[in-house]
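Below are structures written as structure tokens.
Each of the next two complexes has chain A plus one more chain, namely chain B in the first and chain C in the second.
Coming up: the complex of A and B.
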């Protein structure tokens, strides 16, 4: 019966998104379709990294999107023809998506690619892509505390403005940029508020749902996003309830691509724990700051993006460590799943530092290194289940201790 | 086997009120343990294509050995790679991961266990255990790669033209273990082929022993890395399908520089996971029975006790015959699983 019904019903979304999210999901799909097909005379701009300010792309009136669709082995092997095997599957997918014959139509619709130099793999991948699609690579300073870094980054962002204005064939004034800063701040603030709802004992949205909201941020224009998200926020914020005793988890680590949902689905659907926070650049992390709305808008963007929750590529490493630890505490998580792509030099090499920090805070951590090959699902399941067993035992012990203390108090 | 000979932990925490069963359906071999209030029975068979059939076969062998009927059983816990595919209409069933089960199994036979190395058919794990409870504190597992697993040894045994059960013994004869540097089965295979090609110079037997030892050391190095990540605290215990491979035992002890604690009464530690599953089955069984009414302190009135099906337990006096020793990961006739990348079974 179920199979029969599923066969006939048009499948609009992966079944794991809650029905509340379906209209937003449909908007995102429609926008992707339009990005590929619509003849609007607008240039398409794509970017890889969350350190790229879309404020400028929007100010130039471009159609733009973050390019983070990945998760399928076929696209990885497209890209692997240009790299060594020790590049992460995400960087291979970025190249594979632009493959003239077997790439992703969405990527192939891009007129110009922008990438801020973050990790070495993505820098090299961007250099490879330079021969496939017009590309501008921009620099991102590592030392976020230095005044010289900020001045340099401000100029880099001003270059970015010149480049997008050139692409759009129209000037982009400081006032245009300021206007977009205000708009994007609104969108970020709203997404942050959605996330705050997850601090409640009974989170009104799943981790999978939240990732969909974030996905929308990178495909939809902010005004369209606000119109669709605000009613949903009002609805979800009314939801109250008692916790169900399932462990609350934070996902920490490297990028989780649009299309790579198997860990999240495994945790939330197969095993039944709550993901309440993401310490990665495709989850909550890019939404933890607000850009200054007055003064030099380029300097404001430079400061805002350098002050956002830093990725492991930034220095000093204590900054990302502090942020991750604080986020885990703020969301009162029972455990952290630290997951990074195989061969990710940034998150692979800093894993001891991150895991050590969580352990110092008394938060159990599960470390997973994975890729998009899908062959390790059984092993992933065992690991996550065993981790949840450990967390449940700890919770159970705490409950028993509390009950014993209560009984003792009652006896006195 | 008498429960008192095997279980060294507090019997009150282990001995079930009714017979219970633990299954450890591994990627290569399946283990079953039936625990009655005074006996432990073990069965090993190769994992078949259909997990439920494998489990059914284990169950009927166990019941025969224990002279019990299905309705005597209080609870079944399944663990291992095939755990989720099992279903029982007539017996309460639960799933627990093999990581928790190996920890519990090793704990009840040796409560001083603090660190476990578990090497199975397709994976290896290092587990840190709380000696007070048998609960997992921390664990690491190898990546989806056959290096340092039973699968690796099985491949090597094939290449050397000997049975997997002989491989460990042959390795112990080595005078000078060959250098097998590769961590990947596919590359190690070509290393073994080239080592074998050079073998004539030292005589076949000796060369084979050296290669076999080299293979064990290559695996052991990999496992040692895992151990390094959870840390080593004695007692160190070796469990899983490879646990009765003397060559691996020796190579690991040599590299780690610390001995494994022996198991009591020669209990075969390939059954640690299934035993742990049976212990969890006993606990689930106890939990599913109504608790004794709490003493005066309790404010709420206890729920009325549900009528309990107390199984008549036949006391089995005779020692169950020890199983013929079957190699842990050897499943003749099984399709070769690719070494990495596409191997579907990862547990």
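Coming up: the complex of A and C.
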């Protein structure tokens, strides 16, 4: 059971993941350490968003990682010096992490930062960061259905290739990229298979564990990842799981940064429900697609990443709404917890559309507006508990109705 | 022609001419006010009801294309010109937009909802702009609006203006022309409109240049109108050009008399202050706005095909820090434009203004604060919302104290 102290110091907290995941957790920590300290002559590249293809960073032989940590209060407040209060805490963390005196050593080890223009807040944050770390920004279209937008994205990805080749000081050929597409597809497929295990009535891994696997995807090299994950998959797929009878939940909304685990821990450990799916860009969402392994690799990456489950910044909004609704149904969830970071326009301003969609599907929703301050944990707990209680009542009613129907059928 | 008509030498003499002389008698300003009065939500709605093609948006860098498609673009600003409080409440109550978002985006959503049964039902929008606008425009589709987005394309820095981005924007603009008219774009007509807008922009540039030496001739609110008109000419390019010509004539007549004595504190304004009372507070404190960084008056290129010219224009503006968040301008560069203006005009300080709750402007202001502190140029930053309510006592006091400090 997570203690309150753990909630207040998320980075230092002992991981509340299952023992099965501990070797992977250790690998990730070791890689982070090496990223900062190892003198291997390799350049370090960092990126923020799941629309960035790491295939190219890997093809260039760079040491790379997604920068998606939830900043400590000190880091958030460093970022806030620029943003004032009107940005989400994630974008503040991104700026604060690069503060040369008080930033995050992991961020400060980065030689070059890449950011695809996702939301305008992150674009602005990157414009500020340009004076702290060498930066390249790239365009990401929104009209994913338009052929010309796809062709444009292909050209941006080819430009990205040139940039990373320049950073690495070596050419990146089309064959190099194709090879990486195959490798990353394997890693994505495997993570998807882990998630599929959660479709079972008794999931053999928790939502917290799944987030740890996703975390590995963004920090570990794919070959190291496959070597560590394959045996674990074999083990978990044979496991019978536990905790039958608990409500099944999906988390939907803004990204849930590395270290922002208080809600997940609250739901799974304190209250006792299963998180079986995530419609956010640091959970299941980026793993629901495969990149085409033949033809022009840049076009394949452009199509693959645009075809992936859409973030709310994509148009039309019906696409992310449809995806979210379908995912909730596919994982047979009893309820959705819709969480958006305060000031997130992508998920905050459109919350009525998302909530409306779940309601149309008859799926109860709990809406939470969140930040990294941890000041509201008591209130959060009360609200989540009340929600789970409602879900339990509904499940109980459904069970009774099913029993009654069975009895009626038997009497006939 | 107010100045020439008076034939009164004394009135032309800056030493004796009362301040504000031009505001009452200037024919150029009268036409400008008349143009602004005719460019309202209601007036344009009437035109649309009579069969004229009218759209929301398309009034910025893209206006030559829209005019070439026989369409009048209505500035989004009209959506918070009136009933902005009520509109904001609709966005929060009906659409559940969280209260932390800016009043601009919320007022737009609410006002579009109120006008959902009206004739202007098409919205053109450039995807490089801010996120809140994207989100609220998606929500307006539920009220039956036909929203077309020019996909997100940015030149993040000057060296980032990529050829394929120009090519893509050209195809986007071709698509928009078909959406507007059902036909392929008429390149010659776009070229004509670019030429016309360039004429207007050059005149605006000259007016602002002259105004920097005679900062009281055109009041703050009216100068703001000139900037806004530089984008879309209030739907009447020729009449706008006529107003600028008259203003140039008037200001040149004054300018010919030689430099005015510096009896005021010269300052540069970055952005625009939300309320006329703030302009008054600036002038009452004996400050003159000699430089103003709002919308630039750079011309479009006429040496490349017209749609390419539009694409270059917007990508150049972004990486110059010009034209604001509406075009996805970089937050890192406006300070260069402001500093250039300070150096050019000899201003003693900068007033930087933004919309309350606008994440992008707040970040830009922080960069400006840091930068100007480093280079030793005094700056005060203000925030105002889009509601046309009087500024708070605190805001007025801050402005006055700042100017007093500069004195």
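We adopt the following convention: the second predicted complex is superposed on the first by the 388 of 412 C-alpha atoms of A that agree within 3 Å, B and C clash if a C-alpha of one lies under 4 Å from a C-alpha of the other, contacts with A are read in each partner's own complex, and residues count from 1 in each chain.
Rule of thumb we're sticking to: contacts are C-beta pairs under 8 Å (C-beta built on N, C-alpha and C of every residue); 3 or more make two chains touch, one makes a residue touch a chain.
Bear in mind the structure is a predicted one, so any value in this text is a computation, not a measurement.
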| Simultaneous placement of chain C and chain B on chain A, clash or fit | fit
| said: I'd like to know which partner A:112 touches here: chain B for first, chain C for second, both or neither. | reply: neither
| task | State whether A:143 touches chain B only (first), chain C only (second), both chains, or neither. | result | second
| query | Is A:81 contacted by the first partner chain B, the second partner chain C, both or neither? | reply | second
| When the two structures are overlaid on chain A, which partner does A:379 contact: first (chain B), second (chain C), both, or neither? | first
| task | Please name the chain, chain B or chain C, that touches the greater number of residues in chain A. | result | C
| Touch check for A:410: first (chain B), second (chain C), both, or neither? | first
| request: State whether A:369 touches chain B only (first), chain C only (second), both chains, or neither. | output: both
| request: State the minimum pairwise Cα distance, in Å, between chain B and chain C in the overlaid complexes. | output: 6
| said: Need the overlap of the two footprints on chain A, from chain B and from chain C, as residue ranges. | reply: 342, 369
| Residue numbers on chain B that touch chain A, as the complex places them | 81, 96-100, 123, 135-141, 143-144, 297, 299, 341-347
| request: Using the touch rule from the top, collect the residues of chain C that touch chain A in their complex. | output: 95-98, 100-101, 105, 127-132, 134-136, 138-139, 141, 149, 151-154, 156-157, 160, 162, 164-165, 168, 171-172, 175, 325, 328, 330-332, 357-360, 362-363, 366-367
| field | Contact footprint of chain C on chain A as seen in their complex | value | 81-84, 86-87, 117, 119-121, 123-128, 130-131, 137, 139-143, 146, 148-149, 151-152, 155-156, 159, 312-313, 315-317, 342-343, 345-346, 348-353, 355, 369
| request: Sort out for me which residues of chain A touch chain B in the complex. | output: 342, 364, 367, 369, 373, 375-383, 385-386, 389-390, 393, 407, 410-411
